[in-house]
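Down below are the structures I want you to see.
Okay, so chain A shows up in both of these, paired with chain B first and chain C after.
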Partner chain A sequence: MFSTPSAMAATRPRYGGTLRVAMRAAPTSLDPAGPQAPDWFGSRNVSLLVFDTLVTVDNSGRPQPALATSWQSEPSNQRWQFSIRRDITFQDGTALTSDAVAASLRAVNPTWKVFSAGDAVIIERDSATVNLPAELALPRNSIVRREGGKISGTGPFTVTQWAPGKKLVLTAREDYWGGRAFVDSIEIEMGKTFRDQMISLGLGKTDVIEVAPEQLHRASAESSRVEHSEPVELMALVFARDRQSADDGRIREALALSLDRASLNNVVLQSGGEPSAALLPNWMTGYAFVFPSNVDLAHARQNLVGVRQTAPWTLGYDATDPSARVVAERIALNAHDAGLALQPTSSAADLRLVRVPLVSLDAHVALAELAKSLGLTPPKYNGNSNSEDDVYAAENGVLQSQRVIPLLHLRSASAVQATVKDWHKARDGSWNLPGIWLGPGMPGTDKP
Partner chain B sequence: MQSARHHAVYNSRNLNMLIAPSRCPRAAFSLLLLLLCVRATGATDFRAPEQQLAEKIAAVTGPGAVSLQVINRSSLSREESDGFRRGLLTDLSALGVRFVNADQSSATVQVSLSEDLRNYVWIAEIRQSTNESSVVMITTPRPEAPAATQELSALTIRKSLLWTQDSRILDVAEVPGNPQHLIVLDPDNVTLYKFQNSSWQPEQTLAITHLHPWPRDLRGRLQLRKDHLFDAYLPGVYCRSAATSTLTLNCYESDDPWPLGTDQFPLNGFFSHTRNFFTGALAPGVGKQTTAPAFYSAAPLPRDKYALWLIIAVDGQLHMLDGITDQTAGKLGWGSDIASVHSGCGSGWQVLAAGSSDSGADTARAFEIADREAVAVTQPAEFSGNITALWTESDGANVIAVARDLETGKYAAYRLTITCGQ
Partner chain C sequence: MRFRRKLLAVFALTVFLSVATVAWIVSAMTRRSFEQADEERTAALVAQFRHEFNRHGEEVVRRVETIASSEAATRMALKLSRGAPDYGAYLDEAKALAENQQLDFLEFVDSQGTIISSAQSPATFGYKESFPLAGPVPKDAFLKQEDLPDGAALALSAIRLINVGDRPLFVIGGQRLDKDFLAGLELPAGMRALLYRNPGNQAFSAQLLSDTSGPVTQAEQIAPLIKQIQSQHQEATALVHWSSNPADDETIHAIPLTGQQNQLLGILLVGSSRRAYVELRQHIRSAALLAGGAGMILAILLSGWAAARVTRPVEQLARAAREVADGNWNTQVMIQSSDELGELAESFNRMTHELLEQKERLVQTERVAAWRELARRLAHELKNPLFPLQLTVENLLRARQQSPEQFEETFQESSSTLLAEISNLKTIISRFSEFSRMPQPHLQSADLNELVQNVARLFQAQLHTPGRPPIECKLELAESMQPVAADPELMHRVLSNLVLNAMDAMPEGGILTLRTRQNDEHAFIEVSDTGTGLTPEECERLFTPYYTSKAHGTGLGLAIVQSVVSDHGGRVSVRSEPGSGATFVIELPNGELPDSSQSNKQ
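== the complex of A and B ==
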């Protein structure tokens, strides 16, 4: 005989309660097709609560059915057909139809030819689009019913209170096609600084908060439940103009070689990311290490032999990002070591320090969206190929243009109260709030 | 688009049969038999991708002297990466490439064995004296993580893997006979497999129709029947098999209660069709008791003149119903799922309770109730993930446990048997 164990029990999820969330993003519109908010991750997580897409992408980057139950393409990959799930309604009670889906997609993709055919939606593109299903999983392609200035989605929650940029209150839909969320409601406080969020969590006023990458270690020490994603945000230097001459190219290369990415990551960002000279992270592609990211001052100086920088370059940074100025100053010091003059500024500049989210776990889509966000020439993919080889060639092409110098990939992190159960952050940092539940001790959990 | 359509991008899951069924005698739990039951897993065959990479490298270097280095940046084992290196050298040699030290070579080739989300990514960086470096690569699918291995302990809970698949398994039932059949209940289908050529072969898939969305944490139960093959119970839905020329399945919207007990100790409970628990209404009831607190699971333990019913209420408390009184045993650290098993050992019946280990994975452990006190009678049997279902088989002799692997996300159904201690 053994003594009765006191181990924690494997309990089934419980229904009920209100989840309290704080985030930095302060979107003024819930429309996922609206202008991209600066805090993309927060806005994306909100969008997932109210809206659905035709397709989702799983943790391995594979498309999975959502509002579309299946799909097919013609051999050219220009024409696709998506079968729409039946018996779905928008939050306003209107039935989801193929017409509604087509209208929603047309509104955000004016260059696509989208039309309904029975219970299906046909999408025709000008060129082959191997990864259209993954592209349809992007939040901007959420299926939205827009009428009379109001928007409605088919997602797991319905909006019950909305103060733009400040507060959002959501209630679980009993009839959600993916199953009713475990919590009854979610209250989201928006526009909160990372510091305010940490205080709120510490006081027990909030259940889920965001954590800045550079605060990861500190937050882990202060809170027992901090989880982070794979590195999913690119920090990079982007030039305002294309390369002007061969000499300009050599100076840009010298700057890239002068960067001490490891110190930036370890010292300035407290190991909140991973140094990288690639646009896409190694965990996604497997090839990022091919682009050397080590500092090489000798090579940088050699590049500058016989080349003169006519005037110091200005390096712009986002003054609202607390770590951006420190990073910019560090980069200026690195450049100085190689013999380059760089002047950090918070106004318009020759090159900018940017942070850009990787918006898809599909490498093709992630690279294309990255290039679009950075204002770069779209990557060129070879026909119908869907291999890493193809992505590598396309990424190499973007980097060869010398418009962008990758620095780091940063993680997205969150901290949660111990009462929040089944908290599993996806690889891309997205929150699965409909799947979490509140453990014992939370006021408001239902007593059936 | 009609005839020109090609690959449907999304298709139904791949079914993986990992272990032979319990045609291997249930009682003979020797290590030898278990090993025989488990399909042998050989080393991965990398010959084709090795050749591909060799051809790409040779296309750049041409025949001649090169220096070659292989770096493993992936989850491949050292043995596998060494095997890859040997294979690559052979393939390159066949293409006229000779291997020399770096100072004597016309090209240096650094091969990195890397990986992305789904594939191995093998990259060769080639530096030639006259040219810039070239990069060639190939990708090859990474195999799924190996299946959970059989646990063989000399102790009392025996775990036999019955079935594994990507989608959620709600319940499984093994149908004796020749050939043997296995029925797998998942959220969309009931699938019938036949044991043939040493493995389970899919025989028939029967769709489960339902009007309302399934709740999260979906539960379901299979029950083998004497007058027809089986019944399936899901939230708000009852399905009954019917044999005509082929097996068919008729599903209805239904609030009929689910079977909770065994052939010997029958009891039914009403299940909430929008949640993951039983409402507490019982039919026909435990003695005079026809209601109980809402609960996740229930299990009978026979006594001399009655059956004591244990239930795990949604508040986590263990309740004991003897037909007259409802006694609360408090929170014992048990999980939400319990199931009883007639082992013939000890007092004859035990209750298996889900629990958690320090690693976050779940366990199942057997208890007896003496003087209304729970006493553990086995060591915990560990799973590689969370237990999502625990049902007693109709005859009460075994328990079906379903667990979701923490790493792979796959579901695996096991038969749990309690054998007498040595």
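== the complex of A and C ==
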């Protein structure tokens, strides 16, 4: 109550300033329906600055109103009706209407039946869809006005400069329905390596950067302010083909049993994640521990008795990911211990080392999107139940196909300058840039 | 082949052999010199490689020692001595230190042989190092095979030990022996270095061979040499033919590279191109060919000039000899030198001079002999009629003195005798006169068969003169005789003379055969008798003027025959043997008129 003015200034949010952000992704289009950039986190964070979705999902995985103020479904969960928030305009000044929302959703989901009814939008699906609100919270379902090759959103910022894949400058909207952002503008440098981002942060040229999971430990040790999410990125081995025979299945199982996930996580990835033999992380489902993730060489070798690997498998990895090669080589060594031959390669291979982000805090949607990203058979949910048992059964079904071997769940991490205040990261790693403000003495501040 | 050409060929061959011999000698000396230089260059490069190898080894040792004494390595050793290693803390440690010291390979290995951190294979943490670390630590650098995820590599490595705390820590660092290492060798022009990695007892693989630019094409060409080194572990040299072009050939010296346990880890190949030698040899050959060609041309020209200079007097002598053979004895050659050829020419001139003088003397002698023969014949011929004349006149005188009554009768008889003998004398004199006034033939187209038939018809009566044995005349005339150029009147006289001779040769009768025939060049008339025949000596002298084998003959008949036939461009010959008759053969040229006749016509 009698705190000094400086103390008051330190705790009271203030408007103004330019937030400088660096990211590894280099998207060439801001359209959420466009081709996704390799690093999905970056694209998602940029999308949330310019566009809104009908629904958002909170950290508990529950849908929350956004552009849609309420929604209701028929008992069969095939027909959904969403009421659209009023008095909202796109960045180009056009009013948000139910027709515009329906057109935006139809463009992204051509199989859906979407139409407007007054201030509401009605979505009809061919089958029951329990988690449609959570699905609508995916960035690709952002409401976009597309006209004459130009796109416009209802998000908190408007685009003032756009150099595809290089730089994006955003300006805060004064009339944003959720309230004006504290910072006046955001400058985003794209296509920067983790190393360059770290240097830029160290030199004070950037306020927010991404941190690779394997750099978490080092970045923290260097006294950077590092924030990380729950493990939200799956690292796994994905086979190019379905299981060819029973012997093939035994070899795949032997490979899974030979993997030393703990060493991969603790050493190679510097404890940047959690070992896991499940597709969805334990914090999301609570049952991931059920799938054994410890190395069991004896069992692996026993699996290979009477089974002969006809030719060494090739293990593909992303050559642009520095840690991927080490992980692949470690996996090859683990496999060799079990009696399997794996040859790491950066080209097409029998199985690939992949990193796939979890795009939703809703387990159902996250698993379905995961299977879709990995090219696996979509998970089969039983009935309309939205229970963990249903997700477990579906995930177990996917794992039983032996097309994928989960390795780790990695965290999404960011490092920010001390001048960045109220930095809160969602559990899925999404940035909440409109909610932050810049403290005094910040290099990018253009107001006293 | 003419003497000049022979001489020319000998000169040219001599020059060619000389040039070829010189070129071969130069080529052989060049090859020997090149091979010696090649061996020296190869030895120099091998020495340079060893020097570079040692220098690089010392550098690797120095850098590994720097790392071993670094604070990071010391700290790592201290932490290891206190408990289980935190591999995560050292995952990039070796890589960072290796990059800092510009080493391609660096590993930290604990006393149990467990890899703590690896620059070349970061994923191998916790695994055992395959290189045996038992025993003393090598002081110098050595060759080591590095097993990498993408295959084995050859390294020049060094080991140092960090003895801090209770548990020692090995630092194993090295530099890759690859194309960059080879590129660091300063090679003389035309030489190159290749490296063959020899992982284990693996068979030859072209992918294991590289030079400064990477993999070597046609590496199989070197396979035999590699296999030889693999089996013998000793240096060897081989000539490798990369293509059909000898300039692409390369002399390759192979040096085995062994590791600490004397195992063959690699093979250094020092290649020396033979292009320079081949090009030099080709230049020499080209120069030899050029010089040889120019020499040949010059030799031909000079040989031609020399041969002409040498053979010209010989040719003049040969030409003069031919003229002498043709009867032109008054032939002289020009004496142009005082050497043997000059002496030969002088001797030739002296010889022709002597021949000419001898001929003149012979002609003079023959002329005198002819006059003597003529005088003898005249005396003989005139003496025969004169003796009856004398006897007749003496008989007249004696009859007038001794029996005038019978003088008239004697006078009448003697007068007849005198007139007969005087007529005889006149005949003799007219024959001599006729021979001296032998006319030149007037050639015209004459049918020899017709001539022969006319003569036979003319002598038909005489052949069957009563009181003498008959002579049968047979005509064997060719059916298709072509006319020849001849004077019919003279040829008639010739045939008449021969027929008369034949009749004289057959006083006991016989067969007279007149025969004609013709070939491509000549027409022939043969007059054969079946008389007593002639001896060879008679045959030889038969056509000599005033020679006769008959008791009453002037010896001019056959001389006239020969003269007439010769004037026709022909010749007359006789073949005979005693007792078997004689055959006179007249040979006249076909068609064309003889030169003399032509001149007469003109």
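Here is the rule we use: the second predicted complex is superposed on the first by the 430 of 448 C-alpha atoms of A that agree within 3 Å, B and C clash if a C-alpha of one lies under 4 Å from a C-alpha of the other, contacts with A are read in each partner's own complex, and residues count from 1 in each chain.
FYI, contacts are C-beta pairs under 8 Å (C-beta built on N, C-alpha and C of every residue); 3 or more make two chains touch, one makes a residue touch a chain.
If you're wondering where the values come from, they're calculated on a predicted model, not measured in any experiment.
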item: Side-by-side fit of chain B and chain C on chain A, or clash; value: fit
item: First (chain B), second (chain C), both or neither touched by A:289; value: first
item: Which superposed partner A:213 touches (first chain B, second chain C, both, neither); value: neither
item: Contacts of A:60 with chain B and chain C, given as first, second, both or neither; value: first
item: First, second, both or neither for A:266, with chain B first and chain C second; value: second
item: Chain B versus chain C as contact partner of A:429, first or second or both or neither; value: neither
item: Which of chain B and chain C A:181 touches, first, second, both or neither; value: first
item: Of chain C and chain B, partner touching more chain A residues; value: B
item: Angular separation of chain B and chain C about chain A, which is computed from CA centres of the superposed model and rounded to the nearest 10 °; value: 160
item: Shortest span in Å between Cα atoms of chain B and of chain C, once chain A is used as the common reference; value: 27
item: Chain C contact footprint on chain A (complex, rising order); value: 217, 263, 266-268, 270-271, 326-330, 332-333, 343-344
item: In the complex with chain B, residue positions of chain A that touch it; value: 1-15, 59-65, 70-75, 79, 81, 87, 122, 133, 174-182, 282-287, 289-290, 361, 363, 387-389, 392, 396, 427, 434-435, 440, 447-448
item: For the chain B and chain A complex, residues of the former touching the latter; value: 1, 4-10, 73-74, 112, 114-121, 123, 125, 135, 137-139, 211-218, 272, 274-277, 279, 294, 296, 314-316, 331-337, 354-358, 362-363, 365, 367, 374-380, 386-387
item: Touching residues on chain C, where the partner in the complex is chain A; value: 87-88, 91, 121-127, 149-150
